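Here is the structure we will look at.
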Amino acid sequence: MLKTMAAILWKDLKIELRTKESMSAAFVFSVLVLVIFNFALDLDTAQARRLGAGFFWVAFAFGGTLALNRSFAIEKESGCTRALMLAPVDRSGIYTGKFLANVIFLVATQVLILPLFAVFFDVPVGNRLGTLLLVFVLGAVGFSSVGTLFSAIAANTRMRELMLPVLLLPVTIPVLLAAVETTSYALGVTDDASFWFKLLVVYDVVFVTVGHLVFEYVLEE
Amino acid sequence: MRSSGTVADAATAPALSCEHVTKRFGRLTALRSVDLTVPPGQCTVLFGRNGAGKSTLLHIVAALIRSYEGRVAVFGEDLRKGGERSRRAVGLVSHDSYLYNDLTALDNLRFYARLYGAPDVEQRARSLLTRFDLEAKARSSVRELSRGMKQRLSLARAVLHEPRLLLLDEPFTGLDEPACATLSGMLADFVARGGAALLTTHDVERGLEVAQRVAVLERGAIALEVPAAGLDAAAFRHRYRELLEG
Amino acid sequence: MAMSGTKTGSAILALIALATMLAGLAMVGFYAPVEAEQGVVQKIFYFHVPLAWNGFIGFTLVFVFSFIFLVTRSRKWDIRAHAAAEVGVLFTTLVLVTGPIWAKPIWGIWWTWDARLTLTLVLWLIYVAYLMLRHYVDSPDKRATLSAVVGIVGFIDVPLVYFAIRWWRTQHPQPVIAGGEGSGLDPRMAATLWVCLAAFTALYLYLYRRRVMLEETRDEVDDLHRRFDERGHKTQGAA
């Protein structure tokens, strides 16, 4: 399982390093969402700070969905999903490898967006930066755990760009909500987010496990 | 003739043995009680028009399709029981390239070598590139390769894990003359090394060139199965056309 | 292929549903007292709550049938999961319709992101995703397997959504639409509620059963088509 995971992770990282398609799509789209929010909701500084976390994660949700979509689009492209099915490998290793690759891409995108976010919304991000990065990782893990699974599912449909968000967004409401609240805490807007941290961890553990167990059913003929 | 015994049986077990294989997709019956034998060390060519069920049969043999009726045995081992061993014994070349367009030829082979757990990934990948005459393109991304080169790379990928049965699904599609000839040569090389092959095509000329055994699949059932030696090409073509017009 | 259940079974279920529904309506109209604060509008409660109850039970059924399907790979369970989802989404839609109808006269606004109603909305979204997925997958085998996976993942998600929304609402309180039905119900109200609960459950089961029978009939027709085609081949191919 670990070998399969490593092979898949290496491959996805290599492809992304060459094409940069997942991350650029996620980055550009997220920035666009942030910009549009700014125009749509003329906020004053105080409001922007208070609501900033929410905007960040909405932008992430939409940008991240694009990146996740690509995760299995590259496999479908030349029938590579079949090639993976042919190989005598543990299929949950395929899930884990792709899941980790997606987490890396998503966290990298978040880190890239952060300075722009800080500037657009005039939010001080340095105070609890370590916590903020932890939130990024926990949020990306939760989003990816279900996202990788659903990306594989959506890749089998006629309208995968539509099906992935339709499937993913309702199910990730807990993790997005928790991510927003913990980000607010990390930005100093609120004082206590212990419940939300716990929810993030629980969500992550539950869905990484479920994804791992259930993935082999998704990768069938 | 030897007396029956498992040692003799194992040595002469056919590479592939399909018995009464039936596959339905909802309302459509793709395969209708198919009986087919592929002897070891030979290339069997399965003719049939589009939609006859050729791909479905290959996918069942490659263990991509798990639910079907009947029995499929690869080198004597029932596919339903063999599991990993059966999968390792089989390689598949499809009209899909199974290659990552954004990776180099070398990286593609490295990936599959890792996936299949080859002992020395680098050595395996490079030796395959040499064997299939792709050394010059090792560092080119797959997107830059011609169709013929892609097909060779697909073939390299398919034999990477040293399967003894090679399945080829319409491999000559979209290839020009020289590329076809190269592919036929490499296939002959594979068979000469002791491998068995099952190749599907609707191209009668090409098929007859590489076949040691010939079969026809029509509307999901085997309509004909004979050795290629001594087969009159013209007569076969006539018979084949008759079957298609059925 | 035998069909599960018979016309008799369905007829009995229909009668039960009809009887309990009539009884329920009568009780709602004449037996249950008018609530002090909210007035007659409060009586929507007797529809709203049973609909919600069955909406959630329906999703539990989707989960159970999806799970059994993945274990047995029997089409029978795929049919049942699909039917449970279709009737479930109908009931859940009605919850989302009756909620605002209740809220507007009393609080003056249609929607307040009240915890329970929001949870129902999320459930509705997951139902819709499940049904859309089924619609957009072409291969019947894949359709069954993939939707079973979504049914299972969605169900596991619901408790997490519940906790998330509930905590979020305690932090940012808003008026509650579906008023406390558990606390201090007049015994006549409780009785009416139970009858309505029975009525809507019977209705759910009846609709579910008819949907299952419809799908099984479709399968039977497909099977006949296939056998007919095959026979055509046999007479053609005989040479």
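Chains: A, B and C, in written order; residue numbering restarts at 1 for each.
The rule is short, and it goes like this: a residue touches a chain if its C-beta (ideal position, glycine included) is under 8 Å from a C-beta of that chain, and two chains touch if they have at least 3 such contacts.
None of the values given here were measured: they were computed from a predicted structure.
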Notebook entry, point to check: Graph of touching chains, which shape: line, ring, star, complete, other?
Noted result: complete
Check: Where the centre of all protein Cα atoms falls, which chain's Cα centre is nearest to that point?
Finding: A
Note to self: As a quick test, compute the distance in whole Å between the mean CA positions of chain B and chain C.
What the structure shows: 49
Check: chain A to chain B: how many Å between their CA centres?
Finding: 40
Notebook entry, point to check: Whole-Å distance, chain A centre to chain C centre, using C-alpha means?
Noted result: 31
Item checked: Residues of chain C engaged with two or more neighbouring chains -> 141
Check: Residue numbers in chain B touching 2 or more other chains?
Finding: none
Check: For chain A, what residues touch not just one other chain but two or more?
Finding: 220-221
Note to self: Give the list of chain B residues in touch with chain A in this complex.
What the structure shows: 59, 62-66, 83-84, 87-88, 90, 92, 94, 96-103, 107, 111-112, 114-117, 141, 157
Next item on the list: Please name which positions on chain B make contact with chain C in the complex.
Entry: 24-29, 32, 67, 219, 221, 246
Item checked: Footprint of chain C on chain A - complex, ascending -> 146, 149-150, 153, 156-159, 162-163, 166-167, 169-171, 173-174, 177-178, 181, 195-196, 199, 202-203, 206-207, 210, 214, 217-218, 220-221
Margin query: Using the touch definition from the top, list the residues of chain A that touch chain B in their complex.
Written below: 3-4, 6-8, 10-11, 14-15, 18-19, 74, 77-80, 82-89, 220-221
Checklist line | Parts of chain C lying in touch with chain A, wherever the complex brings them together | finding: 70, 122, 125-126, 128-129, 132-133, 136-138, 141-142, 145-146, 148-150, 152-154, 156-157, 160-161, 163-165, 167-168
